[in-house]
């Protein structure tokens, strides 16, 4: 094990998978010589050349569609959308073409693409791009969670970023891969040694911290904040469990339900705005499957229902440790 | 290469057969036996001509107008199947089946289907194939942004592709002349650095010539071509939708009918006798009529499938 | 009061609002001389002329953007997307431009557009277009519910279709108006006399049927099915309340919560696929605000998580009376 | 109409001033005092020239390159404000403010911002105004589908619009020559039934001439024009992003600098003396320097706003 940055873990996954399988290609804006706007694709162009690392014109629908076509022939394209916010112009290709192809062709064709979406703001308020405003800071995972045919993953640590990307590339369905761009250069963590083929299976949640009094279900950058809250409350003798679904679709209901069966109290938190967010799905699942165990209202802590403000003002709209803590106290009745 | 006599006769056979099949399917829809057809009457020439200009391993993405004609002309898709597919009793011409010429599906959103064809071409290039990808779409679809992006991408990458615009002058009720101020769509090709060719979409011989040249050019590695085939559809947009055109416009379509023109030309040039041509038509009609009978007897596939649970839904929707 | 078809109520709203206010214009595909593919815009072109009833090229992003621009100047465009499924190509314009304009301009500009989305399949299995398959049958309301800046309405009756469209046109924010196209010619109902200015306020739910034993929260075509189920169960002495939110954003939490406070048991049903659907938001709201009253798990009855099958096969994927009834029995513990 | 001497001097004043302001802002970003700028160095000519060709009631949608120059040239937006806005101490040049020339916002997605400009033009027509709408976007944005749809719609409706492509040869790291096989973007105009004009984007006088002609044409009711201004940006895409171009490419940009060229021409023609020109430059520099001082002293607006509840969020996001 060694420690590495979140961004380096993603870069490593791309290098390893492209080296392992000639059918894996990368396509996107400025991913070649520039190495990506954020640097995620560094070294790929030099190593694998222009036929496998493809810069494209600013035509997100066009190159997403092209990637889908390639995938239908068995190529495994990893598509970078420069900011997750820009996926809206390629949205149609993903939900209309990629998501429905397996069904439409009676299983005759499948679309093994991975769509990499750098999302969110730098929640810690430090480092790169604290907040570039409404069109460069969004967390649009819920749209994709409500589209049968897609799988959706959201790694919160370097190890998961590595293992989930490798799993996504090998998956035969379209996988939307959400990488929190505020974590790129601010989060490091242990990853298996170079050369180890680290796979995190799609569909398995992780219990990040065990606890008995309450559960926080957190995704992406909210995992770190939730762990900090759990740590703080531990000082008061409150034992908080933190569960990270990692895969949003298909959701690992068992792990979530098991946690709530144990604690009876739950807070769900994500960076996206609250109404219709992924947290609603988690709350709905628990209000059904874990109903009998619930001993308090299911609380959600999410961004305000508004565009993400620019600059540090984002902090006012985003969920932070204080709001998570308050919600945990609320479900604990204190 | 100009078509030889044998090819011209084959072309006529495909034209006559698909015309008869399409007329029959259109009539069955009008009379309510079948439901919800986008009639391809008037589009036979472009389907047949392009079908004869590509190889089985070339990939063609067909339109909702001339797809049946193209599948038939490429071989492996009989008139019987064309008719039976309308009764839900045979695979549609869109289906990619083993041993059949290579096709690419479309989707329900016009324009949206075009970018994936670019990806097919890119995949073929990655694999070092010398195949060509042909994509059909309408004049209406051409105004979608995805089509612009796809054509530009193909031009920029000099891909072996042919973009074929079936310009039938209408998109549902929208006349092409109101949908764009461009004199023609072929003029858009320059904006993507590819040649744009305008051709009479009623004339199967002219169509074959430009399609063959564009396919050859692509195969030679000289990049994509945009072909605009100008023609007139005979019927309204779809069964059940009113046709707002004047009778003159529709008469004009019949006057320019390429199927009859080729028939007349072949007879005029002595390649076929009147009797030969009649025999071709009769054979097609017999095949189509028999298929209608077969389809009618079998009836629609209206069975309501058994209840579906989450596991079934998953299996149908996901590959793994 | 007179009885009218769902489609005629929508048509009437358009006529009334365009006659009332010169700034109201209509734009879309084939809405002029053709009167709309389904006939919703019949008579508008003849009455208001081509400068206010605008046919456009097949360029959904282009004409949606144009409508947004017009709206920024104070025009009130009602935009028809021919099938709700096609909104994916105009998605970016709605979520990137329209939804965020008020915020981005500090309130300096607003975007009073209405986007009319004919959605869904003919659930009854009769009449027009039983099911035109994966790309002509979807119910994508949840995507828009998860986009701050948009309002979302979904009328289930002719009277609401009339009153909500009129309210939407007068609203100063972008409103996404979901009309269930299977109801166009199959559902009729009482509406106020011609000439009466019938407005259904945005943000108010309707209790369709009062009951004391369980609540069904239903939207669109599911309201009718739910009422049928309630009727059937009434025969067994079970009293089911049916609540129709009508406006999905902003949601009338009070009415929903009040109902569940009374009944303690709830089933949420909609035509869209389940995961991440609007029903998750309703369940999440109730699992929080009505937690103390809940006496059973919150059940959702929605379409299977798959593309909508073509033809009558759609029935296998869609929620139907049988599944709603089963869920009500489940929450009642019988 | 050719510019008279007074106008030429005004043009030079705007060019010199915005160059100095832009150079200063660019330097402040490079040194870390400011953060995250898309430098417009090299784009001054197109901003100033078009700004001088439109009326205050015409609506202009500006790009992230030349917007400041355009706002300044249209009047009402001083160099001081241009600098202070970078410190968060004055409204940006995008803001539509009462009494100022009419502008239309852009959004963070390139290409996406274009269709709404078509709507402005449609609204103005509905109201019977004789105004013109001008929309700026880059060569990269031009490959987005929304731009295609917008231009086609404007052509089809013969709207009084000018589409202005600032082709600086690059989109971040993507050379225009790899992003499209079209020889130029002006060639795309034919596909929308509008004239396409190619102009040297460094030459303010030539730019003014084509812009004025296109605006006049639009105002006469003859429909939209596509203008492609070819130029070279001096800096990398944005502060902090590496520039992969060769030094020769950047030298070429400086060699073709339109600001210096106009200065030399005005002096050569005796319209300005060297001293006059220096005085113009010095005045601008003094205004800019003072503004920097003012901005630095004020400091950034980094205050974290007070906690926000659901009601605040609603009020900021919705009009009612």
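Which chain is which? They are A, B, C and D, in the order written, and residues in each are numbered from 1.
Definition applied: a residue touches a chain if its C-beta (ideal position, glycine included) is under 8 Å from a C-beta of that chain, and two chains touch if they have at least 3 such contacts.
Since the structure is predicted, the reported quantities are computational estimates derived from the model, not experimental observations.
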Chain labels contacting chain A and also chain D: B, C
Chain whose Cα centroid lies at the greatest distance from that of chain C: D
C-D versus B-C: which has more C-beta pairs touching? C-D
Counting in whole Å, what is the centre-to-centre distance of chain A and chain C, each centre being its mean C-alpha position? 30
If you average the Cα atoms of chain B and of chain D to get two centres, how far apart are those centres in Å? 46
Rounded Å distance, chain B centre to chain C centre (Cα mean): 37
Rounded to the nearest Å, the gap between Cα centres of chain C and chain D is 42
Chain D, residues touching no fewer than two other chains: 107-109, 112, 143-146, 148-149, 152, 156, 178-180, 313-314, 316-317
Touching two or more other chains - residues of chain C: 56-57, 59, 61-62, 85, 88-89, 92, 96, 100, 103-104, 134-135, 148-149, 304-307
Once you've mapped the touching chain pairs, tell me: line, ring, star, complete or other? complete
Touching residues (chain side chain C, partner chain B) in the complex: 29-30, 32-34, 37, 55-62, 85-86, 88-89, 129, 132-136, 304-307, 309, 311-313, 315-317
Which of the residues in chain B end up touching chain C in this complex? 36, 107-112, 140-141, 143-146, 171-174, 178-180, 241-242, 244, 302-310, 312-314, 316-317
Note which residues of chain A are touching chain B in the complex, please. 25, 51-52, 56-57, 59, 61-75, 92-93, 96-97, 100-105, 107-110, 112, 148-149, 151, 171-173, 250
In the complex, chain D touches chain B at residues 143-149, 152, 155-156, 158, 178-183, 185, 187-188, 190-194, 223
Residues of chain A that touch chain C when the two form their complex: 85, 88-89, 91-92, 95-96, 99-100, 103-104, 134-135, 142-143, 145-149, 249, 251, 272-273, 275-281, 283-284, 286-289, 291-292, 294, 296-300, 304-307
